[in-house]
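Going in written order, the chains are labelled A, B, C and D, and every chain counts its residues from 1.
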Amino acid sequence: MALIILLPLAFSLLAWFLPSSITRIVGLISSFATLTWSVMQLLSFDPENTLYFDLGLRMVRFSMDSLGFTMVLLTNAVIFLIFLANFQRSIVHDKRFTALTLLMQFGLVGIFTSNSILGFYIFWELTLLPVFLILFWFGAFEKQKALLQFFLYTLLGSLAMLLSVIGLMHLTNQQSYEALLAADLNQLGNTGIWLMGGFLLAFAIKIPLFPFHTWQAETYTKAPTAGTMLLSALMLKMALFGLIKWVLPIFAGTALDFWRWPIIVLGLIGIIYGAVIAIKQQDLKTLFAYASLSHLGLIAAGIMLGDNATTKTAMLQIVNHSIVALGLFLAAGIVEQRLKTRDLSALGGIAKIAPRFAFWFAVLTFISLSVPFTAGFIGEFFLLKSLFSAHALTGVLASTTLILGAVYMLRAYQDTMFGPTQISTFADLHWSEISVFAILTIAAIYLGLSPQCLTEFVGHSLVQLKP
Amino acid sequence: MSLQVISIILGSLTIASALMVILSKHPVRSVIYLVVTFFFITSMYIMMNAQFLAIVNMIVYAGAIMVLFLFVLMLLNLNKEVEPVTNRGAQISALIAGGSLFLVLISALKETLILGQNYRTQDSSIGLVKELGNLLFSKYIVAFEITSILFIAAMVGAILLAKREKQIIE
Amino acid sequence: MAKDLTLILILALPLIGFVINGTIGKKLPKVLVGGLATSVVFVAFLLALTLFNGLNGVQIVRLFEILNYDQITINASFQIDALSVWMTLIITGIGSLIHLFSMGYMSHDPGYHKFFTYLNLFIFSMLLLVLGSNYFVLFFGWEGVGMCSYLLIGFHYNDLQKGKANSLAARKAFIMNRIGDAGLLLGLFMLLGQFGTLEFQKIGTALIANPALQGGAMLLITLCLFIAATGKSAQIPLFTWLPDAMAGPTPVSALIHAATMVTAGIYLTVRSNFLFELAPFTKEIILYIGLATTLVAAFMALRQNDIKKVLAYSTVSQLGLMFVALGFGAYTVALFHVTTHAFFKALLFLGSGSVIHGMHEEQDIRKMGGLAKLMPITHFTFLIGTMAIAGIPFLSGFYSKDEILAQALHHNPAVYAILVVAVTMTAIYMFRLYFLTFHGAFRGGDALRAKVHESGLSMTLPIIVLAFLSVFGGLLNLPGLFFHGAAHWFDHYLSAGTFGLSEVHNAHLDFNTSIGLMIFASIIALGVLFWALRNYAKKGALAKADDQMSAWETLSAKKLYIDEIYDLLFVQPLLKMSAFISNVFDIQILRNGVYALANGVVNTAAQTRKWQNGLLSSYLFWMVLGIILFVSYYILKISVWH
Amino acid sequence: MQAANSIGTSLDFFLFVAFALFTIGAIGAMTRKNMIVLLMCIELMLNAVNLLLVTFSTYYGSGDAQIFVFFTMVVAAAEATVGLSIIIMAYRNLKSIDIDMFNQLKN
């Protein structure tokens, strides 16, 4: 089991030392090896029991439960898909990219398996490094202003979280997951609220929730496609995972009661705000970024309700969002790579020249619209249902995502693919891109038809929150 | 009584020569006055029966270090009036700062516990070479040995720094 | 064959067609693609017939569990009862005819296999919608048909002239449907909250067991369901998408936007009859919305010049008529009209498709005329369809409309009066359409005239079958005054086999009133027929050019400016708000606020940096100052301590 | 003991002298711009501290402080050699020993 953590690190180091000429194969094979290994582990994994293991470190221990395993599988799959999706782009010929992405994978797997709050924090920070370097080396940051903004934002969140981690460890004198769960934080009173606030700030910046989202669109647009995929399909999930596994169970009680509705309201604002803004965006990536804000607002609001049934469907939606984000940003990346622009007013008529791309882009658009047969349909239905039963108005407002989502997604798709064309050449999809789209679609449809397999699996490790 | 007079005279002379260090325009004169100051300080060590330090101070400070200073001054041929001028404002602010520093230190002195203690009542054997030697080669032996490394480092550093760049290239 | 297996096969067949055509359809010959798509639907129809034959009571087929959510189990389960089997028959029956028609109609289209893929997917979704035994499966299909509708309306997105308009129409349809979907979603949430289940039967029995549940909750639930119904069935205020949806290929208009999908709202209401019966206020709303829709749409249809647009508004109007029946609680009557309407409206659409095909994609009736001789089969069947919808006696539309009028007269004579106006307008615009298209002189130019031809067998055969059905469809539910034994067969069939409907009884008028009503309706229809014959065919009155119209004609042709009003009221404010929030709030305030913070830090740093001036004396100065402060602090501390 | 008597014979007189020397050194370091004089001022301050240490060593009757003074001298010697060679280097490059010329690290 320890190999699950160590493999990415080992591959990352290996990638540094192997020549650049084979690096894209190295990335693909090593990420595939990690994926295969984790799937093999899954076969012998008992979701009802948590598996403990350590790497000989005293402070940081690891454990694997079904929630963490889901996220690890998601990570490994997404990393593999990122390598695959970028297979014919210049970025994968750079061994720095390969090594950093694998290092990122290491950090993410560390986050999802860490059994101590300190380990969670350390790996959380570790993931920042590869992302920063990928954005810095491969992004189009003219004045580095956007990059700086992103970095300052996340560091601010990290600082808040660090303070909370220190406070938590100091006040409870515990740092392992089980011990922290057992600790009664209600007696801390306001201190508990502050501690949770620190975590929430870090998470709110990373998710991002409404007023902390300004880094998102800018960073997404300036980042290379692979970086955007990493950010949206994986980085954001760290925060949601932290919310589900760490913050909610530990702070259940006064602190959670204090923060629940403020966060849900922020999520709600995000849903509508992101969707409304997305309607008028001209840049494909910006549009998808705001769409992401809208989708994640819904997930975060659902998680904050804090009942396990909702959290299970939120997990479904998390996976679904990864699928959607990967697919949409890949589509935006394809458009950008072929045409050197992402401006909707300059695009149009691609469908006629590249029918395969048109087809797969349409499929992904529909997946993001949560049509039946896709995971989003089930996930969105039950998340909205939970919000509705928590407070009717919440559900009504959140349901506007159904309508507004159709408005902006269809606009994005139609303005790109239909209409009069000024474009004469557009290379249709490469086999690697087709396979990515196909894998994503199959995953979405599989989860759409039998969401039970995921929700039940995750359900084993969700703890009943303290009242 | 006579000791008291001597110490007062010594003290005033120390302060006076120290003042001359910073007041004289010519750097060479400053060095000379500094050597004089060190002499007076040495005599104070003697008064407190710190014999070993008095001798070391005399030989190392007044003898070796100050000569080094003089040497460098001569080497750089600075013995003429090329002294950079300081502006009046900086001088005044420095004076004020220094003055208040002095006042603060003196007021701190008022609070010390040794007010009015006569040094002659103390055990006077600790400053002897034998005593210090015992201490140096037992308790502080590691530190003492490390100083030699420091000296080597300083030596190498000084040589490297003072060498002409051409030579470094060669 | 066991019923549940039959049911699964009915569902699976279109899905198989969808998968095969969707994956390898491009490489298969066209005949095979179309043949496969048509035959799966047709076999499903035959299977549905066996179900219909062996129907007794309600049977639930549970396939698998979709999700177990917080003690609520959502199952993929299906229901065989009179209502669902009847809807299945309509969908697969008319569906297979239209598939057959499409084989001819779409034969020159490069997206041939894609078209049949979508059609099969649509049939599958629609079957899910009507066969589901709970609201979740219904919602599944509900969204699915919306998606297929989008795909099919925008099918010709690559068209040089109309591509943009087509895709915009598709988007409009999808978004408007989504508004309805949101309503349905909220309704389902409330149902879940009230009953903890979405199964029709469980909710129904819970309601019977606990009648105290009626009142506010029922009102809200039924209102939400009705919002959903207005979206899908194109009622005021969400009806403007349907005329635009005519951008899709004509078979699509016939199948989705006339015969099946748009009746989903009526199906939903009939299916939820036990809820609506407890919410009389909602029924009132349904009644008046339906009434307004039927009137407004009929008015708009009067001066449309696009052959499909006339039919589209006619569909909206007829749907409004069905909602009027629902508003009176006459569910079987509404469903009867759904059935006959499916026959004659599909016939009319396919007929218009045949005309358009023969006219080489010309849709403007001002360019037609005299087609009766050029396309005899199309002409004859179209005439039957027109007479059926206009209510000429003893055709199917006559019976179903008459039932609704009878209900209206029974409940509310004022409604009856308005309906008579609407029905008269229906007859007027339909005959206007018919005469302008098929009689008089050809107005499309000689070049076109030479090319006009009658359609092939694959297109005429479905039309002929539908014409038969349009003529004899009325026999399903004969009023009591003819053939007493067979009368009201459809009412009995549905009431007996559908949950909740046995509780509801339609009003039956006495013999004299009934016969009076029929005679009155016949007089109107025939009167209009003769007036139109004189006016359009004999006198040759043509559709006027836009600038010669009188005020009311302009109003009708411009659809009461509803699109423009919506644009002004909803679309523009939303876009403005989006631009405002994005440019002013998001960028100006939030993003620049963050930048301002960052700049503040940078500026402070720039200021503090000046202290680091590289002058040793100033450093010393600060150092001394530090020592002073430090020592004074300790002095003060000690003296205070003392 | 009498205050008059204490001047000169008491230990705090040496403290007073040490403070005075330190202050003078500090003022010199702040006002003079000649680097060599600056270094000398620093030596003066170091010596003031040494004097202080010896005084306290006498007072407490412990030799450790004197050992410390010894080490201070060692360090001072090393510092003077390195410092002076830096000054020589600097003079070679800039032809000046004005301390304010050496602010190029500022930017």
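Everything below uses one rule, namely that a contact is a pair of C-beta atoms (placed from the backbone, for glycine too) under 8 Å apart; a residue touches a chain by one contact, two chains touch by 3 or more.
In this text, all values refer to a predicted model and were calculated from it rather than measured experimentally.
The chain closest to the protein's centre is A, with centres computed as averages of CA atoms. Once the centre of each chain is set as its mean CA position, subunit A and subunit D turn out to be 61 Å apart. Rounded to whole angstrom, the centroid-to-centroid distance between subunit B and subunit D, based on C-alpha atoms, equals 5 Å.
Note on chain placement: the centre of subunit A and the centre of subunit B lie 66 Å apart, centres being C-alpha means. Put simply, the C-alpha centre of subunit B and that of subunit C have 100 angstrom between them. Looking at subunit D, one finds that residues 26, 30-31, 33, 99-100 touch two or more other chains. Taken residue by residue, subunit A touches two or more other chains at no position, since every residue touches fewer.
In subunit B, the residues that touch at least two other chains are 86, 90, 93-94, 97-98, 101, 105. All chain pairs that count as touching, in label order, are A-C, B-C, B-D, C-D. Of all residues in subunit C, those touching subunit A in their complex are 64-70, 125, 128, 136, 139-141, 143-144, 146-147, 150, 154, 157-158, 163-164, 167-168, 171, 174-175, 178-179, 181-182, 185-186, 188-190, 192-193, 574-575, 577-579, 581-582, 586, 590-591, 594-595, 598.
Interface residues of subunit B facing subunit C in the complex, by the touch rule stated above, are 86, 90, 93-94, 97-98, 100-101, 104-105, 107-108, 111. Contact residues of subunit D toward subunit C in the complex are 26, 29-31, 33, 38, 99-100, 102-106.
Within the complex, the subunit A residues that touch subunit C are 145, 148-149, 152-153, 211, 213-215, 218, 273, 276-281, 307, 309-310, 312-313, 351-352, 366, 369, 371-373, 377-378, 381-382, 384-385, 388-389, 395-396, 399-400, 402-403, 406-407, 410-411, 414, 417-420, 450-452, 455-456. Contacts from subunit D toward subunit B in the complex involve residues 1, 3, 5-17, 19-28, 30-34, 36-37, 39-41, 43-44, 47, 50-51, 54-59, 61-64, 66-67, 69-71, 73-82, 84-89, 91-92, 96-100.
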